[in-house]
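The structure under discussion appears below in the form of structure tokens.
Going by the order they are written in, the chains are A, B, C and D; count residues from 1 in each one.
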């Protein structure tokens, strides 16, 4: 069996979740792991069998045996690490976005490095690989509902995040809504050309202090003439809520929120109970592994990447447009053409 | 039993449906019926027991025994008939809108006549009395989901309408979306202050010739800070589709589309079948009767009207704003203050 | 329009419900109504427009204009009235069973009178016309699930009945389970050849005093080799519960209990709510009208009867077998052959 | 962390599935593995990191470092291996049943060895740990539906098994229905005292040659007065079907079959699709791991065993009674008292 010789950069909460998933994929050999706070994680990671550890990710980039790196560090480091990895000739898996800089130039520079070095870069748009959403995607592509005309994405987090975390990951639009822009565009098979967004702090007014919002409702126009509606909330008290609906000339496809329960209770008060999954790690558990397996297939067999640098740029442009729209109170055009 | 002495004006398709519903309400005595094409309907209506027939609705207005009129004529006659009925001192039930004139002044004049003559006018916003939507309304009002933050309305017709019919009833925004504006506002308990709408002819491009659209996606802002999303289509091949979702600080309420079937078929191909109701007369069958019963209670016992003239003005303003927004490509403000 | 000239016998609770349904069927002209306690109902029935009233059903049987009678009297009168009506040459609609006598001879005598007088008799097995169950029936018949192998019927009443009412209508097996035997046999298209039943008073031990039970679980064998399972309860606190499932070589069909609500509430406690219909009059509202319409079609156009005398005998035999099985603790054979 | 020093006996299909689950439980250290056909599995198992392999399970029993054995061998070996393991002083996890001998004495002898050697034995009644069923169990226990009165278990395999496999694992009643007897008894918290069963070969008549059946419908009586209904089929073309319903004095709990899809497709033909899980390994994936974790808790912390030797004896008695009932055509009593 041909295997990928991998290095993992970033061993925090997200990194560890991904690490466990990577361990279940036999085609991936993890030769080295890195984290700036390696001492903090050393024992735990050693227990998993990864003893070749470093606090400096350059050690991984300089390791000639390694051909692929998985980047799970905080968003503010993506730009530097991915650029360095590309220049070191490594294939790269990285979470979105590629840069904290809302100016697109920073991301474009990263992608240029990827292109010039002829390496592969897959972006962690995990929702594309969610079995529910992927099933819809495939049915839409196969023409089951004819020409898609409207896509609706409902995406709600179970609770507010700490302000300092928000500042590190980029706020609702760049951390959260970007996924929705991407899934909407993925379903439609067409680029977003305009965004009109309404957003505010209906839950936590103190978010204004860090220039963030907690509630969002927006309409987008796609290049192919179709429309999209997205609504977001940071706090759905009943749990993580992720739904997609695509309406077309020959039908509709929708994925209701995923629950882990089929139990129904009927009482005098006609009560029944269902339990939505509480958090993204559970909701997208399978997706996280599937996206890695798809990356493996791309590296070993030339299968297409699940999500590319262009995809992240397109979602980022939509998020930037949404931000401008909220500020200006006007619809904002999005350039659907991408050229490096 | 105290009864309402009623006259019915308009005996076409809608009129006959309403007439059958009115017959099931013992508090309503129908003394006279009118239609400009009375000859066409005479036999059928006589069979139902209504032999006091006229082609001139003024006969009903001049009938001193009659205290209440039900107006089921085509939209372009509402303005005149309702004004005349008010001036004749009759209580009035009338379908929305009050005027084909998108200028609000015409509707306001009708309402002035209603006000000056101290009669009651109930608007046929039947969806408010739909058992599903009304149940959501009551739970929202009773605080079950805390402060409402986002309302979503999906409303799709099963098929395109003939162009000439569209021209008589006012196009998608004034015939169809007005109901959605009203139900969104009803759920929120707050007026719409801004509309941004995207609309086009994704299904039937010839609709452009009569200045209409078949697909619509829009975002509204409510006075209380909340947001709303509405999407419309004229042609859902799977049947009439009417759904409402209200999201709030303490939970979410949603009404899925109504089906007349609980039968599930499981085969090798994992197929199951459900049958959405095909058309509004079936979907809102109960609502049409309940709104009449509520009107009766308002007349006999002073219960509040289900929907008032102000309600129709507010929905109309939103529709006008949506029309302007589609044309201009800009969000359009809506005045939430109503004064006669 | 050809119409049926009808007389209605029995104006109690059931009779009035049926009367309202009959009023909606234009092909039925009700010429006369009868009830032994006619004074009690006279005003109410007059208000509905039925002024030709009598306390003696023989007046209806002697009315030469009447060709069809609807019998809604209490069970203990069926035997006499149906026999008299048949001998008077009237077509008959009657609720099951035909006789309180658990000895089949009494019912057979009634059917002989029906046969000898060449009149039509339809039994009120209304569940056959329930849209859900009828849809399953049609799909089973059309081969959608291949050869049916197992049928399951769950049938639960919302609450205990008064003891005196039970004594008049025949106890759980003859009042309630008979419907389930019939629907099971209807779905299977095969006669029951054996019953093994377990029954007891798990809810109200005082039912023993009147020789009745409140809970029942049984297995039947069909002539075609298939099996059936039926479970009954007199008290489902969450409401009336009526479900059918048919499993076959090529699939399964099932009808979940009918609710009047599609509203879902999601809160911190993950609560959702649905409201099963509370009582049979609501659950089988449509079925009650449809069975009458089908009877009309049989009389006017020779369509097959929804349920015949043989059907009621077969269900009765199963109920008798169940009763014997509970008493003896043994399975009891049922004769699948019926001959007058 | 205290760990269990384990040996695994049986590395066939079931054994490998369990082995993967055991690997995810950090408290379990697998020191040695055994299979009579060890050469066949050696490489695959070595790849997983288990290099201490043997073809003779006595090597594991003689290994003084090992305190617990997991027995995943074919049913016909259970009696010998579990007895040997008990005599060697090892704690034991074993799939049901304990003996192919339908005479209870064989199983009782095994349990005597377990008792005399003061070791723990957990039976693989995995369905008890299925999240859906366990949730029902807990709600029943906590009184949510009052006194349980009726339990219904529907259990259907997706396809016929090869005849030779059936002969090794014991036929429908002993391989399949035993799980249903156990789950019914588990839900009720009461022993079965009588079984009446109807069974036959409605799918594959050649099963008669090996004295097996493919379709089963039965009624049981519980010691506490409640009833149970179980129906089985070997071939549900739509996939594995596992449902439980418990009805009680204060409500009902039911677990619908588990699907891996929330996607709904609506088209002109009103088709929607759901995908039941195809096979038990997927349906009970979590249950298989949870039962092992529970066993660990029992060994390390004295938590109660999920399922004991008495549980398997009780289910076996029910299966034997069902077999006798089918043969004799009579209900068969089951002794609810168990004493070693």
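As a convention for this text, a residue touches a chain if its C-beta (ideal position, glycine included) is under 8 Å from a C-beta of that chain, and two chains touch if they have at least 3 such contacts.
As the structure is a prediction and not an experimental result, all values here were calculated from the model.
S.K.: Centre to centre, using CA atoms, which chain is the farthest one from chain C?
M.R.: A
S.K.: Counting C-beta pairs in contact, which chain pair has more, B-C or B-D?
M.R.: B-C
S.K.: Suppose each chain is reduced to the average of its Cα coordinates; what separation in Å results between chain B and chain C?
M.R.: Roughly 40 Å separates the two chain centres.
S.K.: Any idea how many Å lie between the Cα centroids of chain B and chain D?
M.R.: 58
S.K.: Residues of chain B that contact two or more other chains, please.
M.R.: If we look for residues of chain B contacting two or more partner chains, we find 236-238, 250-252, 266-268.
S.K.: State the interface residues of chain B toward chain C in the complex, per the touch definition above.
M.R.: Touching chain C from chain B are residues 131-132, 135-136, 139, 144-145, 250-258, 260-268.
S.K.: Applying the document's contact rule, which stretches of chain B touch chain D when the two form their complex?
M.R.: 236-239, 266-276
S.K.: Per the contact definition, I'd like the list of chain D residues that touch chain C in the complex.
M.R.: Contacts found on chain D: 147, 149-150, 152, 154, 156, 196-198, 200, 202-203, 215-219, 221, 225-229, 231, 233, 235-238, 241, 247, 249-252, 329-331.
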